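One chain, subunit A, links the two complexes that follow: it is found with subunit B in the first and with subunit C in the second.
Let's turn to the complex of A and B:
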């Protein structure tokens, strides 16, 4: 499964949520499908997308929150899984794209390439429901179920280590300014 | 325990009065009463962290979601949070109100705290984070309010160093 295909498949439901993504390919690809004011791209601060999602979900329990994480980012903040599990906000869904690679910086393999199992780590951390998926139909079914469930869920989607810069994207840089995104996102949340 | 309950209450009451609705924390000796007060408060969202840098992300999310927050940490926790502060809160212009116990400074008897104590203010300066010292209960409320006001006006982090004279009392 390619990450872009996965994003396309879940995009219709993502657009009804508040979404926090990691930097790099995930941010560029989601923007290429159509930016929404409820999408925030955490360009840098690696590892903290899940912590941000937790902060939003706890502050606004009435809003569905999705974190689009990656194996490299999550490996930088494995302790954060235990914090998410501790408070387990039911309005939070944690989707991890695991391509076993630090793709944006040369494709060096991460520890998931040698057997570290992030869905297993999430389960052992106490996340109420975690699952690893390899195929697109399974991903969409699990993602829909996670959004409909009144429960924190982690979905680890195994994807190909593949990235082609979308049109209008230079490398990983899009024409959406970091601060433009940040203030728009804040206003959007205030309007909900 | 010689950590001051009375002065911890002064700090906690100030945070409440200033509308703080979420506190992230990682325990250390000087913070025990503050964390218990947050835990006992049904109107406070207390997020107990595994490592302090997570608290930067949690506070970023809380701010963008309209909730005022404060971070309780030791100065070594502040040192462990620097990348999140720089490439999260500062890059994205997020106000953080950081209450940092100033361990390892004058009067410190624990050898393992001393190296961080000597560095903390220099690192805050290097990061261009405005900071003040909370060293007396009579001025604590005022200083916390001013730090929060500046954080929100500048959309940047500010810090308050919780000093021994405030947090510790003779047994």
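Let's turn to the complex of A and C:
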């Protein structure tokens, strides 16, 4: 499964949510599918999209929040899983694309390439429900179930280490400035 | 640190008056009295993190969601948090007040040193000095984070002033406590 295919598959359901992405290719691919005011692309602070999503979920318990994470990022903030599990907002869904590499900087392998199991780590951290998926139909089913569940869930989607910069973006970055994105996202949240 | 610093109850009253909704951080010996009060508070949600850098990202999320957050961490954790602070609250222009408890300030005072003293390898390795106190204020200055220093009970007004400054300037502003909360 390619990450872009996975994003295309879940994209329709994201209209009901606010979304926080990590920096890099995930953000660029999501934006290439069509930006929405409820998308926030964290352009710095690698590893902390899940923490920011936690903060949004805690302050807006009425809004479904989706975090789009990556293996390299999550490995930088494993302690964040314990904090998410501790406060476990039921409106938060954590989707991790695990391509076993730091693809945006040359494809250097991460620890998941040698067996580190992020779904297992999430479960051991206390996330109420975590699952590892390999196929697109399973991912969409788990993602739909997570959005419908009144429970914090973590989904680790194993994806190919493949990236073609979308034509509408500049390589691994979005073309939306962080402050502009922030104003837009904040106004969108306030309108919900 | 001694117990002659700000009173935790007065500090909490300042947070209540400023409408703080969420406090993120990790307690230490100095801030423990405030965390004790916050853990039982009906209206302020306490989020205890596992590593200090998380606190800045969570706080930024709380703020963008409409809350009014505050971070409380030790200066050791502040040094750990550099890129988290830079990459979230600073870049986003989040009005984020930060209370930093100052490990090592008493040692620094006993050694006759002032914050801002010129640093060198000899000073940073002296056994009678805790280097984190030497590094705290220069680091905040280098990161472009305004700060004030609170020493005793009479400085409680600085809590509200720090919050007001963060909101007025839409950026993180720190209050460094040189003595433990009582």
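Note that in this section the second predicted complex is superposed on the first by the 192 of 192 C-alpha atoms of A that agree within 3 Å, B and C clash if a C-alpha of one lies under 4 Å from a C-alpha of the other, contacts with A are read in each partner's own complex, and residues count from 1 in each chain.
Methods note: a residue touches a chain if its C-beta (ideal position, glycine included) is under 8 Å from a C-beta of that chain, and two chains touch if they have at least 3 such contacts.
None of the values given here were measured: they were computed from a predicted structure.
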Fit or clash between subunit C and subunit B when superposed on subunit A: clash
Which of subunit B and subunit C A:52 touches, first, second, both or neither: both
First (subunit B), second (subunit C), both or neither touched by A:77: both
Touching partner for A:113 - first (subunit B), second (subunit C), both, neither: neither
First, second, both or neither for A:40, with subunit B first and subunit C second: both
Subunit A positions touched by subunit B in one structure and by subunit C in the second: 20, 40, 42-46, 48-49, 51-60, 63, 77, 79-80, 82-83, 86-87, 178-179, 182, 185-186, 189-190
Complex contacts: residues of subunit C adjacent to subunit A: 21-22, 24, 45, 47-51, 53-54, 56-67, 69, 83-84, 86-88, 91-93
Residues on subunit A engaged by subunit B in the complex (per definition of touch): 20, 40, 42-60, 63, 77, 79-80, 82-83, 86-87, 178-179, 182, 185-186, 189-190
Footprint of subunit C on subunit A - complex, ascending: 20, 40, 42-46, 48-49, 51-60, 63, 77, 79-80, 82-83, 86-87, 178-179, 182, 185-186, 189-190
Residues of subunit B defined as touching subunit A within the complex: 21-22, 45, 47-51, 53-67, 69, 83-84, 87-88, 91-94
